Amino acid sequence: MKVQVRNVEDVAIIDCSGDVDLYSSPRLREALLGQIRGGAKSVLVNMGEVGYIDSSGIATLVEGLQLSRTTKTRFGLYSLRSNARSVLELARLHKVFNLFETEQEALEKIGSVQPFGGL
Amino acid sequence: MKVQVRNVEDVAIIDCSGDVDLYSSPRLREALLGQIRGGAKSVLVNMGEVGYIDSSGIATLVEGLQLSRTTKTRFGLYSLRSNARSVLELARLHKVFNLFETEQEALEKIGSVQPFGGL
Amino acid sequence: MRIDLTSEPRLLQILRGVVRCRALEAGVPEPEAERLALAVSEAAANVIRHTYGGREDARLALEIRTFPDRLEFVLEDWGPKVCLDQIRHRPLDDVRPGGLGTYFMNCFMDDCSYDPDFAEGNRLRMIKYRQREVAH
Amino acid sequence: MRIDLTSEPRLLQILRGVVRCRALEAGVPEPEAERLALAVSEAAANVIRHTYGGREDARLALEIRTFPDRLEFVLEDWGPKVCLDQIRHRPLDDVRPGGLGTYFMNCFMDDCSYDPDFAEGNRLRMIKYRQREVAH
């Protein structure tokens, strides 16, 4: 798995690629929690190149979601491939996350998403 | 591995994809020798989707070459990927086969290739 | 076929590759092969994390058996016996990190059970029945 | 890690997948991982064809060991002992079908040798030393 962070105006985008599993998810966790804690207004995870995500990867995303509610950071995922999407749906988490189809859509809409206050 | 035959005027093209190995090469062999024996003027193997070829796959191509010399069929390969090309080079067979970059080049040039008389 | 591995998380990817490949070879369609790989990987991840507590020098083994009506995935470890009543995924509406691995295993396999006769550790047998062609 | 297989040609693909994956995991660059997979696959194909004469119900096993300076691939079978003087690839300029498998093995591995202490069959050890970083 590769993780890279880039900034588009006040949005931090985490580009993630490969398999997100027990081995690799700690690196996603570090980047994700780091960006949220670092004070980014909005954080997006680009899932377009993630071909596989397991329960530990999902745990990492849930952790990001929880922290983002505490810090009132806007948080979303975009470009989920069918594997990742079906795993999220199975865990009934697809309505818990802000999901966008494309980077463009995510960038357009993330600013108007309600940042939650606490869990 | 998948093998399919199509005809472009008097050229039989064998589209091959996947791994050509001990398990799958008998199917390539059947298609290849079948087309040469069947009286096609020219036979081309499209290697564009072959990601892996082993010594048995190469043996099959050499068998096709030998038969094509006996039957005076024009025979060539095109769109080799780097793996397949480097294995052919290592076996010093890259000059023994008629190799073309693209289907277009292969179709343009195969007609003017010298069909050998015997081995 | 059987594959023996040390309990390193980085090797889970190899395990998945083997499951995927073997399932495709056995005629299982692509999306289902992927789900089987996920289920086996979750089971192995649990062995690494829970049975072995993250130790990377322990051993696990997967045996894949194909039958006309089903695929079996038998995962063995040589750690302390699992406590069956502790194996419980979290309720889906209690959204918190973790607690989904065994849920996915149960979603993607038709049966998961521990073999009581395997004295040296744990032997988890996961069964997936093949889809029958629908007659028409 | 170790993988046990029946001697079915269709399983060679799985063997290659494992070798490729393990080599990449161990930091071997992609094109070389592919070459190692080819070499191991050729060795296993020879076991299937020559040692077992095409029988599909016999067994072979591959063990992959990674060391700081090298990778080792140990392929075991339980067939009749190979006759070492019969293992010879064809001269490259004598163009005919076949006779290249052992040549590729020797091209892509740094050392291939049979273990004389393995009584039950054949144990072929293939070694590939890792490329050192060039100092500068």
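Lettered A, B, C and D in written order, each chain numbered from 1.
Just so it is clear, a residue touches a chain if its C-beta (ideal position, glycine included) is under 8 Å from a C-beta of that chain, and two chains touch if they have at least 3 such contacts.
Bear in mind that the values here come from a model prediction, so they are computed numbers and not experimental data.
J.: If you take the chains that touch chain A and keep only those that also touch chain D, what is left?
T.: Chains touching both chain A and chain D: C.
J.: On a C-alpha centroid basis, what's the spacing between chain B and chain C, in Å?
T.: A distance of 42 Å separates the two centres.
J.: Averaging only over C-alpha atoms, locate the centres of chain A and chain B and give their separation in whole Å.
T.: 48
J.: How big is the gap, in whole Å, between where the Cα atoms of chain B centre and where those of chain D centre?
T.: 27
J.: Residues of chain C touching 2+ other chains?
T.: Within chain C, residues 10, 13 contact more than one other chain.
J.: Where in chain A do residues touch two or more other chains at once?
T.: Chain A, residues with two or more chain partners: not present.
J.: All pairs of touching chains?
T.: The complete list of chain pairs in contact reads A-C, B-D, C-D.
J.: Looking at the complex, which residues from chain C come into contact with chain D?
T.: Contact set of chain C toward chain D: 1-6, 10-11, 13-14, 17-18, 21-22, 25.
J.: Any idea which chain C residues touch chain A in the complex?
T.: Residues 8-10, 12-13, 16, 31, 34, 38, 41-42, 45, 48-49, 92-93, 95-101, 103-104, 107 of chain C touch chain A in their complex.
J.: How about chain A: which of its residues touch chain C in the complex?
T.: Those in contact with chain C are residues 19, 21-23, 52, 54-56, 58-60, 62-63, 65-66, 82-83, 87, 90-93, 96.
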